[in-house]
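What follows is a pair of complexes built around subunit A, which joins subunit B in one and subunit C in the other.
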Partner chain A sequence: MTAAPANGALLTLSEIEVTIHTATGPVHPLQGVDLEVYPGETVGLVGESGSGKTMTLRSILRLMPPGGAVTGGAIEWEGRPVLDMDPDELQSYRGADVAMIYQNPVSALDPMLKVKRQIVDAFEANRNEADGDPEEFARSTLRDLEFGDPEAVLRRYPHQLSGGMAQRVNIALALACGPALILADEPTTGLDMTTQIRVLDLLERQVSARNAALLFISHDLRAVARVSRRIGIMYAGRVVEFGTRERILNEPSHPYTRALLECVDLRTGERPRSIPGLVPKMTEVYELCAFRDRCVSRMEVCDREPLPRCEPDERNMLLCHLGYGNG
Partner chain B sequence: MADSPILEVRNLAKTYRVRHSIGRVETVRAVQEVSFVIERGRTLGIVGESGSGKSTVARCLLGLTPPTAGQVLLNGVQLGGLKARQMRPHRRLVQMVFQMPQASFDPTRTVRSSVAQPLRRLRPDMRRPQQDERLRYVLAAVSLGEELWDRKPAALSGGQLQRAAIARALAPDPELVVLDEPTASLDLSVRGEILTLLQQLQEEFRVAFVFISHDLEAVRVCAQEIVVMYLGQVVERGTVEQVFESPAHPYTQALIAASKFTADSFSLGPRGETDPAAGCRLMPRCPLAESACSAEQDLVPSGVGGRMVRCWKAVRGPVRGP
Partner chain C sequence: MVLFSVVVLSFAVTRSTGTPLYAALGIQVSEEMIEARAEMMGLNDPIHVQFTTYAAALLRGDLGASRRTFVPVAEDIARKLPATAELVFFSMVVGSIWTIPLGVRAAMRPNGPIGKLGEGISQFGVTVPAFWLGLLLIFLLYFLWPVFPAPLGRLGRGFDPPAMVTGFYTVDALLAGNPALAWEALRHLILPAVTLGVTSSPPMFRVTRAAVSEVLASPYVEAAHSYGLSRRKVMIRDVFRNASPPVLNLAAMTFGYLIGGAVLVEVVFSWPGIGSYAVWGMEFSDYDVVLGVVIVSAAIYVLLYFIVDLLQYAMDPRVRN
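After this line comes the complex of A and B, so read on.
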């Protein structure tokens, strides 16, 4: 047994930096990500494409793309340094501690194996006999995920499933590992709105029924708000604001968070909002605020001083010269 | 004088025969009895879940798929039955913007070269310098920075590439552009910018749009008329105000509730393994269903203002979910 971490967090990311060496030079997708996930809580990360959401999840599992490496910071799982784990520790950490649900539900499944085989394999690889019969687990989990005829679904190949069904099977696969934390990478992005809501609600319900924690990422703030109690906003490889769902939705402090909220809310008779400008190139390392070129509240200090970190308590955080209480 | 419609769709139907295992052939009615009219310079929104037949309708409008029954009239000319040569002058009148801009551009060509292609093909009446001038005009109209014109698609962001796709569609001077989920693959932070651009271009080019999307909020911003489809049928049709402010059909109500992402005010049951082939297609999922719903439902006028609904309960009086 390891000592419980001082703050009680399940997962702690401190100042994570990732560098990927490519043919055209180094890219820095993560430039100091701070994040904590506590046992049993649901956390969401929102950001535009290229903001580093997926890379954050990959760094947690130490699944780096070719040429990529975590070059700075620390990741702790229940107080254990993840970056120092040896292959055996890593093997049991992936799956049994932390499981992942991927964006494309059909390509995340093995096309050659029936659903039953895949769930049973995941169960057997990560659990022991005391956890019960794998096939019975597969049936009951599919029932929990509102499949009318679990038996029929277990006999199918992935190509015989619709997108919504395939994503529910992926949720079953993650649950089969019995993890304390599930990472979900835009799990509903390709689905219809009606299906999205259903899958999000099932995911949230099943994760909380098993006392697991959820780290959910999406570019869609609406989806994140549906499942997450705490929300982090990512920009240019950093979490720029973190807070409770209510705080982020009702009293956003970072100008970027406010701009994102305006984009979501299309009002009749008003011009639809967008955020002018482009996501910054991650070939650069940003010492100053990376959002300032697009920011409506840009001040003189933004061009001069590195970002100050406001942390009124351990569950709220803001990286912005404006500080809290500016709205 | 009232504008004559640019496009008229009458009782459009498309049936596919799908071969499964040996001997078993299933008939899929992708689109049944779809009718609507689009006037010059206006936008019609088509909404529905995947499998509702939205994209099949789009393909029929472009003449990419021959309809099984019904007519598509472009400027009063029926497209079905035209030979390829006869079709050519009509091709430039209807253009398309696809869902995934990255997949709709040739990765080996420059953006300028891809955008020029429909001009070169469909505007033989224009001389080369005229075409080049038109090309610069449309690329500037979508506010695509000139430094990007000679780049390959991979160098552009999703939003920039979608601007180029819109320029390409407008280049041959069409009267109708079919937009198939134009914002679905984009970040929400650029969705507004593309929607605003479409509104501006519509005024400038006086072009009609068919806006196909499952994002009801986006359709609401852009369209004046809405067609709601479910399993190949139109279940509700009306103006944006009618459909969004007092949705009549239970399916429309459910879609609107879903698009807000917060409310559980009206939720449908899950879609079953097999869809009903007769009666109300929504019946197995509808919380308001009763035995009378198993009779075939017609699309009939409901209330005033030309709204049409395919639900006997909604026609009798307003329905609301539990």
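After this line comes the complex of A and C, so read on.
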């Protein structure tokens, strides 16, 4: 589209802050999120509930909950500032550039409309006649997503779909927009184990077949590790460590990443253990490390100085006083 | 079932209040005449016999006759129901004109001025009694500033009703090719329709606002925006469609309620509808008149519920399963 930025990133988030004004006072779910997604790559974000994963995705599309706003930082799409887009620019950016797959697949579909109408509308809102017939697209996409009888599914209403089917329909909706980046918000949470793996594999295959990038979030490190080339670890509204899958899984540097990996043994898939301590309250803004109360490597400097940012190259990043290579 | 209990209840209530004998005979009568008349009208029979007689006639579609004029009640109601229906229809129009747009706007901008205005009108509408608002409007817009005609029925002096087609004078006059008569009928409708519309519509405002704000907060509306659909398209395709069932439901209930519940406004505006007719019957314990009106309005209510169920069925795929 427009001239790409120097580093070639599709999407860049720098120091994103989000504040939501609620009846009980302000909440700060994002406190400086840094993230980059390059064309065609798959990035996973992992974190506990409340760490800001979903809010990160919503801020990328500028879909804020009532009372919420991006209060700091910058979002760039192919070098264009997303936060400065006017409503028309925003509408054409949503869908055509970035599309989202929602966590609860059934409630993300309009209950009054047939699957066909929803896919056709998403297609027509973002494409032109050169992209072919919307109904034909809907049929072939559903076939790609392993629906045996696409025609029958197109005639159904959302409440007539199972969770796994509804999630595949949501994937078809995102694909119908023809985006360069797909955001997936815990797309497999409500599904049973075998369906989860199947939906994840389908998602990954269809996204890479279309040369699109995928930003995938989950609290499940195993699911993220399965599909992502790079993994970000979120804690208390920040990405505390970011790196290639190999680096995160084999040489984790942040104590929180290590704790997470200990929780889930990737080989045996044992029952997860929990990290001692409480998830920090997001009603506070954390100037210092928010993890230090639960950290086994806490040092004196952690209570005194704000977090340093280690960025050895453009694909790895760490927010910790320990620095790299202290495992 | 509903209709049966309505019949039993209203039968019991009307029978327990007063006697129609003096209305039929006047007050200058002897004991013997009263007794003979009571016997003739079946008022000396045990109550269950009286009820069986009434119910049997009702099943044949016979609502009895007025004890004063001896005109069959069914005939009177057939003549007066269109007047009430036209009034109620126009007051529903008045109610919808403000509640729906303001309710939608109030849901979109909860703290905006239009939402506050809607809340204000709504508060006024529930607080003010209908008959009082009617009298106030008559005082202001007829007596002080004569914009509207005298509150004496459906047409002014010198106008003859149009040939009956729908029973709505406005519509029938237009069908008869007489716009002047339609205008006259409309002028007489406006004040009572506004009175009834303002006082009966506040729940519509609240339900519209609640339904629209619930849909606006739903994940599928956010998802629709995330696919890059225009805001206009999302409003029409997703928001209005999903918010309409509760609003429609309430509108039908309000309509049904007003058919039997427009009594005070009909009396204030001398509107010759079934409400005035029921009051006229009540004044003289004219059992069959009162019972007839209650039963007919209950039947209309039940019918409307049925129609709304059919509409929900047609509109909402979840109801169909």
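Worth pointing out:
Simple rule for what comes next: the second predicted complex is superposed on the first by the 319 of 327 C-alpha atoms of A that agree within 3 Å, B and C clash if a C-alpha of one lies under 4 Å from a C-alpha of the other, contacts with A are read in each partner's own complex, and residues count from 1 in each chain.
One rule holds in what follows: a contact is a pair of C-beta atoms (placed from the backbone, for glycine too) under 8 Å apart; a residue touches a chain by one contact, two chains touch by 3 or more.
Being a predicted model, the structure only gives us computed values, none of them experimental.
In the superposed model, A:S92 makes contact with subunit C only, not with subunit B. In the superposition on chain A, contact of A:L221 is made with subunit B only, not with subunit C. When the two complexes are overlaid on their common chain A, residue A:T194 makes contact with subunit B while staying clear of subunit C. In the superposition on chain A, A:M100 makes contact with subunit C only, while subunit B stays out of contact range. Touch criterion met: A:L260 reaches subunit B, while subunit C stays clear of it. Once the two complexes are overlaid on the shared chain, A:E48 sits against subunit B while remaining clear of subunit C. In the superposition on the C-alpha atoms of chain A, no part of subunit A is touched by subunit B in one complex and by subunit C in the other.
Residues 217-220, 222-231, 233, 237-238, 241-242, 315-318, 321 of subunit C are the ones touching subunit A in the complex. On the subunit A side of its complex with subunit C, the touching residues are 61, 63, 66, 87, 91-96, 99-100, 102, 104, 107-114, 121-122, 125-126, 157, 159-160, 170, 173-174, 176-177.
Subunit B meets subunit A in the complex at residues 49-50, 157-158, 187-196, 214-218, 220-221, 244, 254-255, 258-259, 261-262, 267-268, 270-273. Partner subunit B is touched in their complex by these residues of subunit A: 48-49, 146, 148-149, 152, 162-164, 192-198, 219-223, 225-226, 259-260, 263-264, 266, 268, 271-276, 278-279.
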